[in-house]
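Each of the two complexes below includes chain A, the first together with chain B, the second together with chain C.
This part shows the complex of A and B:
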């Protein structure tokens, strides 16, 4: 299964020193993201990717080992993004 | 012309007949009532309010008296806006509090051309401090102390931001102290004009402070925000101003706005602009002298 961002170009983003506030016009909600979350969303706006590809990319970005704990955290964020309508599964 | 330049009999006639039309910041309000005790209270507390002639009135409000259904010997008062009653009736002793809460409600639900923050706002040297906070944080008490000690009152309740111009409108009005704060302010500011205590309201005992004359006189002078301070009164706490991250301030500020989500993109950009131009802090305090000194120091250093 691969993920891709949903209307990424429509999001309004304010950058506050590697923390981000993001307005999602589709829902009218404002979200708070750290750098990892923003990197993930930005990565998925370029092309669809599997969870493994996302983990691989983010571990290289952050310098963290892509261990089980890391992957679990990424999956939680993906689940959260999916619930908010920020990403969707590739059809 | 201000209310105190009108004889009481004329003031009473206005309220009882065509309506008393007064400016409240950028809004004009017409008030009608037959309730004489309320008229007497308003004459003392609204004394520096500017009378309005031949201007558009945003809010038409009325305090009516009616017999209590449970106890026909008692009088109740009911707040009406444009002839509609948004909440139940209250004992007549609470007429002033009901009027003020009713006007607050009208502003909170009807104003969407401005970003409406739930915030006290004071000004010094042309720049404002916002104190966004929900009820119970002590912002009215803090605001009352500050506006009698060198700061200009914008509001104890509403931060009215014109996000197209990036400025805040003053809306100085009566400040409703609650419970223990009433005695604290009476002792701290013996010269402040405070109305009679109104017991047994749904917020406890309430007493209204008359805004300082200088703040009323300058109530058409807008200003930009320079500081955002999230206050919290904690018993026995020493005064502490702690900087907070901009992203956290953004989320706190957005969650303190009445109409942030209604404004959508404009709301987001307005809060972004505010946080970018302000220094943001949390404030814990218990001593009003101490916190006043700290805030003067903060504003003087800029």
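This part shows the complex of A and C:
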């Protein structure tokens, strides 16, 4: 299964020294992201990707080797993003 | 100042300092978490009444037809087609103080006789007709937010 961002260009993003406030106009919600979350979302705004590809990308960004725990956390955030309407499954 | 009072004052001062240190440690921990010390993603969402407190009616089009609002006035679901005042540079739409809308009746949807695939196809056709009028579909969340502070959508029954 692959994920892609949903209406990424609609989001209003403010960078606060590598922490981000993200206003989502279609839900009226405001989110707070750290750098890793923003990396995930902007990565998915460029192309659809699987959980494994996202983990690989984030590992390269942070210089950390991915482990099962890391992948589980990424997957949880992906489902959370999906529930918020920030990403969707590729049809 | 007697000895007991001095002790009490020092004690208060020490406990205030301790509280301050604890608060600072908590803040530090929180900063570590937010900064992603272990490169873990963090997402927090403001679920307060902020959506209802918006002063303008700015929204995006619903992401898909399945999220759009349909109204049933007794003759089947009709797409709520909202007519924006203008499209902003960000891609969002400003619906104005009192959003205008029209219900799309064509093609008519018959929930009791149409199969799910037909209903979906007809909903998409209604969306095309809405776009031809310059309108957009909005999500349930956007509808709720706007309906809470304007009377524009009063008396609509949402499916």
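FYI, the second predicted complex is superposed on the first by the 91 of 91 C-alpha atoms of A that agree within 3 Å, B and C clash if a C-alpha of one lies under 4 Å from a C-alpha of the other, contacts with A are read in each partner's own complex, and residues count from 1 in each chain.
Convention: a residue touches a chain if its C-beta (ideal position, glycine included) is under 8 Å from a C-beta of that chain, and two chains touch if they have at least 3 such contacts.
Please read these numbers as outputs of a predicted model, since none were measured by experiment.
Asks: Could you tell me if A:20 is touching chain B, chain C, both of them or neither one (first, second, both, neither)?
Replies: first
Asks: With both complexes overlaid on chain A, does A:40 touch chain B (first), chain C (second), both or neither?
Replies: second
Asks: Taking the superposition as given, does A:12 touch the first partner, chain B, the second, chain C, both, or neither?
Replies: both
Asks: Go through the superposed model and pick first if A:28 touches only chain B, second if only chain C, both, or neither.
Replies: It touches chain B and chain C both.
Asks: Applying the document's definition of touching, compare chain B and chain C: which contacts more of chain A?
Replies: The larger set of chain A residues in touch belongs to C.
Asks: Identify the residues of chain A that lie in both the chain B contact region and the chain C contact region.
Replies: Shared contact residues on chain A (touching chain B in one complex, chain C in the other): 12, 19, 25, 28-30, 32.
Asks: Within their complex, state which residues of chain A touch chain C.
Replies: Residue list for chain A touching chain C: 6-7, 9-10, 12, 18-19, 25-37, 40, 58, 61-62, 64, 70, 73-74, 77, 80-81, 84-85, 88.
Asks: Please give the residue numbers of chain C that touch chain A in the complex, ascending.
Replies: Spelled out, the residues of chain C in touch with chain A are 34-36, 39-47, 50-52, 54, 58-63, 67, 90-92, 138-139, 141-142, 145.
Asks: Give the list of chain B residues in touch with chain A in this complex.
Replies: Result: residues 245-248, 250-251, 254, 260-261, 264-265, 268-269, 272, 275 of chain B touch chain A.
Asks: Quick one: in the complex, what on chain A touches chain B?
Replies: For this pair, the touching residues of chain A are 12, 14, 16-17, 19-21, 23, 25, 28-30, 32.
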